[in-house]
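Below: a set of structures, written as structure tokens.
Across the two complexes that follow, subunit A remains constant while its partner is subunit B and subsequently subunit C.
Then we have the complex of A and B:
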């Protein structure tokens, strides 16, 4: 019964975790850029949802797409102006650049929002589902359900729309895509902005469950790393597998080692997995 | 060594001597920090510059060295033994770590090296019996004749770390290892084909890099006399050496020194004037550096700054 409960705790976070990593994976896969700023974008989305709830009383789970749209609008010009000039440059350059952006955004949020943790309190409280002795908090179910819906929407977008096909074509071979008449630069910017959309939406979902603070951005970045490596890079099914895997690993890690070591366990797993299967559980081999 | 390098070194040595004799403690503290930054940048430059591997493990090496020296000294060892032992410990650790992750390339190597510091920080936090956990570790004070004596002593010690970094880099540049690393940086598969034992070379230089950063961390621990996990495993310790190397020129012999001096100057300026937002300004500095001067200060002479601006802003191309 205990193990079943722990498993359920993990599953209840899986959809949210998939949502956290989906944008990160998209940007990494398509632009070949590790967006160190992803954690900060998530936290920014969380603050948008927090203030929307505080000022207008909007439910953060419903607000998620709006937070995503705001970040989309910020990220599109950011990619065009700042990240596009370094596209195709060595890893060191792109990584250092997004690190700089991350420092800037984190410090900006620290200045405006302060470092103290804030939490949305629902009135009336959302309560808990009781499934024959197994307890699942309602807020987690809502976050994971919304997260799954958003990841599903991204998947449909990539598969069925012209933009999605263009993104996938650019990911496979940007030169051939350019020859087919795809505006590669614009596609890069749109993919980056879509990644930011997912980050903002994930942040809004987080704000309904966990206390938020600018200092937590690196935690979410770390989770996105682990999920991408666990599931394999650049595919939506991979993100889902990675998200649920991390949820379950953290849940059992908390049970065995205590909460402070749960993410460390995930990091150790990441290093071990990189040693033996760098392309992830579902990933293709031979992709750098 | 070319004549310019020799002149630069002589000037640096003269400046160091003058500082050690005459400077007040504030200037001495700045100079000690320059020594530390330069040593860390030379350490990073070995793996990141010569071999071209984007390592973010500097913080892990630095923190592990600081803690190794701290634990050894609290258990009674003199600093003269604890510092080299800490360097050796980190070298062994870097060897093991390198064996595990140096077959990764590009982003995967960067991420793997980035999370190592997080893992070590948490292990240090939890292992309270040895490390003092989150409470931190206080090191025994060395009796060195008052505040001024302390300042001069640690200035000399950090200077020696920087000199060690320069010496190792100089030797590596002139050795077969250096040639092999340059081959790896250019094209690793081709290097393998012509018979370079790439794995051994990468692990060897990773160990050198780890030893240098670890020993620097050990000196730092004695210098500040109190260390805690969030301080010595700070991710900025991994990023700053990269920024300094970018300023001075990645993969060059004297770049790290130039980068350290310029960077510390900027950092001090930010700290003084905008204390609350200094990390944000640091971030902007990094962004501007990568966009406008990716080859470091050398780029300033090669192209005019304006022309680079023109190339960057799409709409200005029509105007300029």
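Then we have the complex of A and C:
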């Protein structure tokens, strides 16, 4: 029973992790930009959902697509005006640029929202599903389900629409894509904005579960980084596998080694994976 | 010839005026009392650094309203020198040295936290400058035999012992204790104090684990903790950890007779985030606005301190903000009693202790750490903070049980 409960905990956590990492993986895989700002975008999405709940009483899980759209609208011009001029430059340049933007956004949020931790509390509480003695909080199920639905929608968009095919084409070979008539600059901006959409939506989902503060952005960024490397860059199924794998590893790592060493176990496995399969579990060669 | 005489006269006059100006400036300078405070105004500890400064500034406002600190028959203005050490302990030490040697401060307030205070205390000791530590609660900070270090907080064990007394006194059936601690200097040291307090009372510590800083999920740890069927659960950490742990304890339907969480549950931020789950959580803290001390300091009472703080900043003070103002009033009382700014005389008054402050009655033990008060035990009851221990300042009776 204990092991089943721990497995269930890991699965519920893994779904959230997949949602955190989807946008980060897309931007890294398509634009070859390690978006250090991703954690801050998640936190911004969380604040939007928090205030929507405080002021209008909107459920954060329903608000997730709206938070995503707001961030999409912010990220599209940001990519075009600020990030696009350095596209194609060494990865250190884009890394430094997004690091600077991350500092700016974090401090802006500190200025307006302060460092205090806030949390959405549901009144009445959403409760817990009791599956024959195994407990799963309803809020986690709702967040995971919404998150997986959004990740699925992103996967369908990439596979079945003209925009998705353009993004994949640019990811595979931007010069060939340009020769085929694809507007590469616009595709970059759209891919970046889609990444921000996923970050904003993930933030809204997390706001119903975790305390929010601008100082937590680095935690989300760290998780996204690990999941992408674990699952494979630019691969939506890879993000799902990476997210669930990390959730389950952390849960069982806690049980076996204690909570202090659970993360260490996850990172040890990550190092092993990098040594034997550097493109990740489901990543393709060339994107590592 | 004429022109050289004029030049000489001009130079002599200029020199005289300059000399007088500098002498005046020097005299004015030496009249002001200078206090140095390295603060973490940027970096990871920026929220705490800002809070400490708010406390210092509020105290300084009141001192300025009075025209300064009374030293014998004179009243000296006070000047605070702040430097940002960017949350880096080595930089805090460098800036403490700079404050003493370049800025010629008379006294120091310590950097934030136990680690930085201990590091900076070496510089203060070397230069013979009395330093008041506003936020150091680990006994290890005060084990160096220094004569210039005075700490406002009592030892961490003074947080665990009263709660252990309360729990075993009120609910003798409590036998099994589970402790989950953040793996960080202060929360871990506190968790070990709880372990000692429990063992001393023949309670069985059935679970003791640490969680890493930045842990996003505690479900697995709490599932394991629940399997040990504890009567008393103790969680240490900071406000974000404790909000999350409380929520996940409820998600997993973990029950016990007593739930103790430190640091944070006594403050509005935590109560509002935890909502109804805050009910019956016990905690302890060196200060809370609910306290009702009458004092000999510029504030006059805890209530007036809280009122002035709210007026200036629009919020209620937590213990870090109160600590900033408290070290100010203690130093002020020591200087006024000494009727001198001489460091030896002020140090002697600090050692004598007996300061009636809005924070607590403060005297320092032989190691320099405060030992004159017991931090109260609080419990959240019907959404409000109540003092449940010690009996003489209790505002409500202790309640057992936790809700979901």
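We adopt the following convention: the second predicted complex is superposed on the first by the 269 of 288 C-alpha atoms of A that agree within 3 Å, B and C clash if a C-alpha of one lies under 4 Å from a C-alpha of the other, contacts with A are read in each partner's own complex, and residues count from 1 in each chain.
Here is the rule we use: contacts are C-beta pairs under 8 Å (C-beta built on N, C-alpha and C of every residue); 3 or more make two chains touch, one makes a residue touch a chain.
Predicted, not measured: the structure shown is a model, and the values here were computed from it.
Of the two partner chains placed by superposition, only subunit C is touched by A:6; subunit B is not. With both structures placed on the common chain, the touch criterion links A:91 to subunit B but leaves subunit C unconnected.
Once the two complexes are overlaid on the shared chain, A:72 sits clear of subunit B and of subunit C alike. After overlaying the two complexes on the shared chain, residue contacts for A:123 are found with subunit C alone; subunit B is out of touch. Of the two partner chains placed by the overlay, subunit B and subunit C both lie in contact with A:260.
Look at A:250: by the touch rule set out above, it reaches subunit C but stays clear of subunit B.
In the superposition on chain A, contact is made by A:216 with subunit C only, not with subunit B. In the overlay built on the shared chain, the residue A:101 is in contact with subunit B alone; subunit C does not reach it.
Judged by the document's definition of touching, subunit A residues 218, 222, 260, 263 lie at the interface with subunit B and also at the interface with subunit C.
If you check the complex, the residues on subunit A that touch subunit B are 28, 32, 34, 82, 85-86, 89-93, 95-97, 99-108, 111, 218, 222, 225, 229, 260-261, 263-264, 267-268, 270-271, 274-275, 278, 288.
By the touch criterion given at the top, residues 44, 46-47, 180, 183, 209-212, 214-221, 223-224, 227, 239-240, 243-244, 247, 250-253, 269, 272-276 of subunit C touch subunit A in their complex. The touching residues of subunit A, when paired with subunit C in their complex, are 2, 5-6, 9-10, 12-13, 110, 115-119, 121, 123, 125, 128, 135, 137, 140, 209-211, 213, 215-216, 218-219, 222-223, 250-255, 258-260, 262-263. If you check the complex, the residues on subunit B that touch subunit A are 48, 52, 54, 100-101, 104-108, 110-112, 114-116, 118-119, 122-123, 125-126, 235, 239, 242-243, 246, 250, 276-280, 282-287, 289-291, 294, 312.
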